[in-house]
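Comments concern the structure below.
Letters A, B, C, D, E and F name the chains as they come in the text, with residue numbers starting at 1 for each one.
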Amino acid sequence: AQELLTKMTEKCFKKCINKPGTSLDSSEQKCIAMCMDRYMDSWNLVSRTYSSRIQ
Amino acid sequence: KQKAQFQAQIHEFNSFCWDKCIEKPGAKLDSRTETCITNCVERFIDTSLLITNRFAQMLEKGGGMH
Amino acid sequence: AQELLTKMTEKCFKKCINKPGTSLDSSEQKCIAMCMDRYMDSWNLVSRTYSSRIQ
Amino acid sequence: KQKAQFQAQIHEFNSFCWDKCIEKPGAKLDSRTETCITNCVERFIDTSLLITNRFAQMLEKGGGMH
Amino acid sequence: AQELLTKMTEKCFKKCINKPGTSLDSSEQKCIAMCMDRYMDSWNLVSRTYSSRIQ
Amino acid sequence: KQKAQFQAQIHEFNSFCWDKCIEKPGAKLDSRTETCITNCVERFIDTSLLITNRFAQMLEKGGGMH
């Protein structure tokens, strides 16, 4: 899962943190949690799509 | 080993199609985004097959890289 | 040639497929074929340039 | 080996935060740019911890990847 | 230091060379030297920040 | 092994200079694009040499990374 965690950190930082401040504020934290859920949704969808294609 | 390769492919597709299809992550994947991701993966595979086959044909004809 | 095929796929998808649809239409296929030819032209040119430089 | 991993992390952070914080390299790192880089590294680590902990919780609950 | 040199070359080419010409002109060379110094300043700052965080 | 390294360099240069010089792939590489690619590769090598030499000088003087 290391690769997944690394990619999510990079992608969600880019989407959620525009100007890095002195701490993660609550809206940034919410955005990161949501982004993480969507990234995993997308991962599952990609996995299903690819699986059905190569069968 | 094959499973690792499969997972590596999914990471690559997901990273690529995320950048293509996700503007701002929302409360769920809406159907438009789902369609975009599915089509992105399918067309990426099509593109890869098209290029691989065409490249194989070129090699047979002895052309391509010099 | 694996690295070349992987890079061409990524670069030519980016150049030729703006909104991925339900199939590759004929203009997208033509664009991909042309993009692939140019990518290999460029590869050959880079190879010649680099070779003459390091000799 | 641990030292190599530490160095690899610094290369990754520096590359990422350079793109985020440096517009045009100047005669020195001004204080605004320094603050941007420091905050960028700190928030990147925070983001990584937040995601890793939340992911661990999901796994415990048996959710997540299917 | 190989990784550092590779990254600096890429980052500083991007910052300093807008349209590659028939040689590196003096303003491009100055820009690259300055960019290289700032990249190392940044590397040192990132290193200090990360070190103090993981202690 | 040396040949693999040479090929890896070409892949890297080609990927980098493609993004720099190709807007929209056309029916052939026109002379302007060819010049752009050649200059891009040459200047990339110059930049790399400049940085490597300057870095070596810094190390000799004992400066640089702390």
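We take it that contacts are C-beta pairs under 8 Å (C-beta built on N, C-alpha and C of every residue); 3 or more make two chains touch, one makes a residue touch a chain.
Nothing here was measured: the structure is a model prediction, and the numbers come from that model.
Touching both chain B and chain F: give me those chains, sorted by label.
C
Give me the set of chains touching chain A intersected with the set touching chain D.
Chains touching both chain A and chain D: none.
If I compare contact pairs by residue number, which of E-F, D-E or C-F overlaps with A-D on over half of them?
E-F
So what's the Cα centroid distance for chain B and chain C, whole Å?
Centre-to-centre distance between chain B and chain C: 14 Å.
Hey, how far is the Cα centre of chain A from the one of chain B, in Å?
Distance between chain centres: 18 Å.
Can you pull out the residues of chain C that are in contact with at least two other chains?
12, 43
Going through chain F residue by residue, note those that touch at least 2 other chains and give them in order.
Answer for chain F, listing residues that touch two or more other chains: 42.
Using the touch rule from the top, order the ring's chains starting at chain A and going via chain B.
From chain A, continuing first to chain B, the chains appear as A, B, C, F, E, D.
State the interface residues of chain A toward chain D in the complex, per the touch definition above.
Residues 1, 5, 8-10, 12-13, 16-17, 19-24, 28-29, 32-33, 36, 40, 43-44 of chain A touch chain D in their complex.
Which bits of chain E are touching chain D when the two form their complex?
3-4, 7, 11-12, 15, 31, 34-35, 37-39, 41-43, 45-47, 49-50, 53
Along chain F, where are the residues that touch chain E in the complex?
Chain F reaches chain E through residues 16, 20, 36, 39-40, 42-44, 46-48, 50-52, 54-55, 64-66.
Which chain D residues qualify as touching chain E in the complex?
Chain D reaches chain E through residues 6-11, 13-15, 17-18, 21-22, 24-29, 34, 37-38, 41-42, 45.
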